[in-house]
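Take a look at this one; I'll ask things after.
We just call them A, B, C, D and E in the order they show up, numbering each chain from 1.
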């Protein structure tokens, strides 16, 4: 057998069921079968864009806003596959706080993650005519946005009225703090027409255009296609065999898999997470058998939204998305 | 008094029992390293004896120190580099919160040691002998009833030294102070003291005590007195004996 | 030599032109603060004159220092606290990379000053006089042709002092060293020197130079020599004159 | 401890949280996300994180990793800091030209540049252990440099004069006089630097792509909201810090044996 | 003026070289911005950056520094005064300072809140140890002669402190203060990564890193560095003012 090609893939977070498809593809030998030896890198403090753009990793996963703002700043990163077809971003409040609709956010304190993860919240509020201190041009914001790191228990519910949470992670952690779902008001941005796409796969122009990827004799695009093919296979398997997938994730996840508080069991939390990410995966094009496909209409809507927010100044160049990889991976058009 | 040293201990003083009566002027004399400084430090309660007992003017060293009964002129000047001459002399007056015009008092002491013109200088701008004189002025400034002086005039020329000898003697007579004085000069010891204590080296002990029966006031002619010669010779003999 | 001091300047030396011939033994004597140390430091190229010129054994101070021609005994011991006695004495031998058995040499010097038993002690474990003797041993260790000694024996008892006087004199005669020696003792100056330089205070200058015509080798009977008395008296006269 | 948690518990209860306990005081010892863990909670957390000691997810193993990074970093920092201090003391113009930049280097938030640094080093094949030690050294060299410079300037004038009479070379003055005289300053600086290096390597573990170390454990557990685990790791980190400071203290006592016992 | 020339020259050269290299290799500004872009960002965002600097430098770094330094000095005095405290206290503060800020900050934020006081507290805690350690070491460095002298005066401990120990400690204390003043700033910035109410240099850096606005990130770093260097130099000036000049 030929030698396998070493590939480094930068995850957007620590190992958890959010990346079940990758771990399954690795554990079940889908990558090996494609001739790839894939190493999955956990996140540090740097954005996946940085590690990939500088060559510390060959491929990465990230959110679309990240990718497009990086592209705008001249970093030649390229979208090659869209794994999650629906946004899992939510803002959560206690029902007792009386916040029933986004319009009620006015005058409230909203806790968001910084570092480019604040845009879905900003977009939602902007849609309802609210301004925040996250925008340095606004002098008298109608919503007070505060930034906090990762752990909702630091701020919620004492220090903020609304807190950012992913359906598949922080939401369950908040439940673990003693607030069952029936006490929570959950605003999932996609329900309000803000569907900024999340976990996608990307690489750089340099990697994709390489004619001889790391001396393997394969072109960069070919390696990318094999990677995407195996990853989608992994995801399909994970979504269909969730219990097994969770088992595989648990082997990989060190100290991070647990939830919080009363739901701190890693097994339980990852089972929840697997079910939730399956919902994000099984949406849009995936339902038409086109898993991994970036729906041009959704993409366009995302770009339009980001432009209206002032985050993008102009349309990204066509080279920001490369459909050829997905086409080569799936043989579809 | 026993000091631990690498590979054993140095016995610095042995059986140095000594009672000093109020108003005495005692000189300690002895070879280098025999324990004069150590004895002085014991009397001043700067170190505690590892054995034996000691009284100074009838009280324990600690009691004397607590009463602020003594002034101490160290072998090295021990001035504070960050204080100028005047404020070095003011130090004990400040610490003891002595009432009255302290500056005037400090200046008077500086005049006594001939440094009135240097009150604004810092220690490093002074010669060795000048530093030593500042430290003498400092010890006298608060007019303590008891004085411990460790080779106070060692760094001074003969003329300055003789002058200060006379001043010290005058002070002692006028105020009735008790003085314990370390010197290497036999004639200085005899000239100043009521008793000269001669010490021997390793282990340091008292070789002999020579009472000095010279009349007061003493002056230049004292040194011509046959009793002066006799006493000096006796001290020298004791010293020689102890030196072997 | 002029030092800037707060509110003016101190003239520490004035017109102190002095030529010292190779092989001479010069003593400097003078009141406290007259500039003896300053003069020595000038000769040793530790400070530069603000005016005037100076030669030592026919060469400039700087040249002498560069040749490592002299050893200097400072007025204070200036030992390195982290080195024990032996290795303090070894320091110049190490720095100058002197060949041969350095330890043996250093021990010899310690024997000379009577401290052979203390080679493993640290400076803080020594008495004042003992520290001073270590610093003498250190200056002699590398056998420099020129010696600057600033009151080297000031902290020593008379007997040790006399012994070291004789040793120094022997060394000087046997090795033909040039010595410049600061002392406050008139008799020591006369006993040791070929010339005694008497200085006066503020502004420091040379009051007079007394040549000493006493025969060598000198010993106990030298002090009985009428020429000794005559010279000592002359020095004392000059000192008195300068003291006013 | 109770007081610190009571507020949080009270807040949670008032907001309708289901904590499985009655009053705020009762909840204070059983909170799942306490400000300070109760002794029992802490002990339990300590046990789970400490056994088996050498598992890749356990604190003792990761403390070992962090400890060795820190030691390497501290060693690098000492060499660099001492070298810089030497140059600073020897050359005024070097000091003028570089001191502002040395200071500036310490005002760059390491957390902001550590990721970039790691990425840049990674491009040149420097990965894993070494970048973290380098980041630790980056933080720790400055206290060493400043403290050592002060110490190297501390010998007294007479001792410097003495060396001058020997026409000692600059190096001899350095080795025989300035360095030994600087030791009290240097060791104080090293103690500060040791804790700084520890913080540096932990920060580096968090902000670079790292697979082990207390920092990695901290990051993972903070993302997982496991407050009790955070405290356990903090205690391990602090113990490591005390150990380092004690180690340097012991070294100091050995090196400065000549000093009188205080 | 002549004294700052070498440093300024070195800076100019480094900047020109960086600009040239970055342009030559066409490094994207989202990875490393050219100095000229940073300069432009510095100007364009000046009001925001000034407001951020006010929060970070004045409320968090300076205030925290002052509090931490005072606490360190106070504890140092106590530790030397009461010997048992030295043994009992020093290890615990070493403990405190060994808790990495990244572990400390979340806890403090959780306990105090997202506003600037939590950052001030973090800064104070991190400044405490260096100052305490140096204070203790400095107070112990008083000359044995001087201590003997004051002992002979039966001086009170307070007097001994004021007259002998404190002047001897000053040089040590100032080393620690100089170090801590830069440490304070950097720690204020880092602590902001653990939660803010929307202003501060750390907040700005974190937000703009996520947007790949690295020109603003570096502009914020420049502001921090200038403030850091300035406060370091200020401490140096205070040192020259308050530490009595020694010989040389």
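Here is the rule we use: contacts are C-beta pairs under 8 Å (C-beta built on N, C-alpha and C of every residue); 3 or more make two chains touch, one makes a residue touch a chain.
All values reported here derive from a predicted model rather than from experimental measurement.
Participant: Touching both chain B and chain D: give me those chains, sorted by label.
Facilitator: Joint contacts, listed by label: C, E.
Participant: Count the C-beta pairs in contact for B-E and for A-D, then report the pair with the higher count.
Facilitator: Answer by contact count: A-D.
Participant: What whole-number Å value describes the gap between the mean CA coordinates of chain A and chain B?
Facilitator: Spacing between the chain centres: roughly 86 Å.
Participant: List the centre-to-centre spacing of chain C and chain D in whole Å, with centres computed as mean CA coordinates.
Facilitator: From the centre of chain C to the centre of chain D is 52 Å.
Participant: State, to the nearest whole Å, the distance from the C-alpha centre of chain B to the C-alpha centre of chain C.
Facilitator: Centre separation, chain B to chain C: 26 Å.
Participant: Would you please write down the residue numbers of chain B that are in contact with two or more other chains?
Facilitator: Expected reply: 76, 124.
Participant: Can you list the chain D residues in contact with two or more other chains?
Facilitator: Within chain D, residues 8, 111, 156-157, 206, 222, 227, 260 contact more than one other chain.
Participant: So which bits of chain A are touching at least two other chains?
Facilitator: 50, 54, 149, 151, 153
Participant: So which chains end up touching which?
Facilitator: Going through each pair of chains, those in contact are A-D, A-E, B-C, B-E, C-D, D-E.
Participant: Can you list the chain B residues touching chain C in their complex?
Facilitator: By the definition above, chain B touches chain C via 3, 5-7, 10, 29-33, 36-37, 75-76, 120-121, 125-130, 133, 150-151, 154-161, 184-186, 236, 239-240, 243.
Participant: If you look only at chain B, which of its residues touch chain E in the complex?
Facilitator: Checking each residue of chain B against chain E gives 41, 44-46, 65-68, 70-72, 74, 76, 78, 80-82, 91-92, 94-96, 124.
Participant: Touching residues of chain A toward chain D in the complex: what are they?
Facilitator: Touch residues, chain A against chain D: 10, 13-14, 41-46, 50-51, 54-56, 94, 96, 149-153, 157-158, 173, 176-180, 183, 254-262, 264.
Participant: State the interface residues of chain E toward chain B in the complex, per the touch definition above.
Facilitator: 143, 145-146, 148-155, 159, 163-164, 167, 244, 246-247
Participant: Would you pull the chain E residues touching chain A in the complex into a rising list?
Facilitator: Residues of chain E touching chain A: 28-31, 45, 48, 106, 109-110, 113-114, 193-199, 203, 206-207, 209-214.
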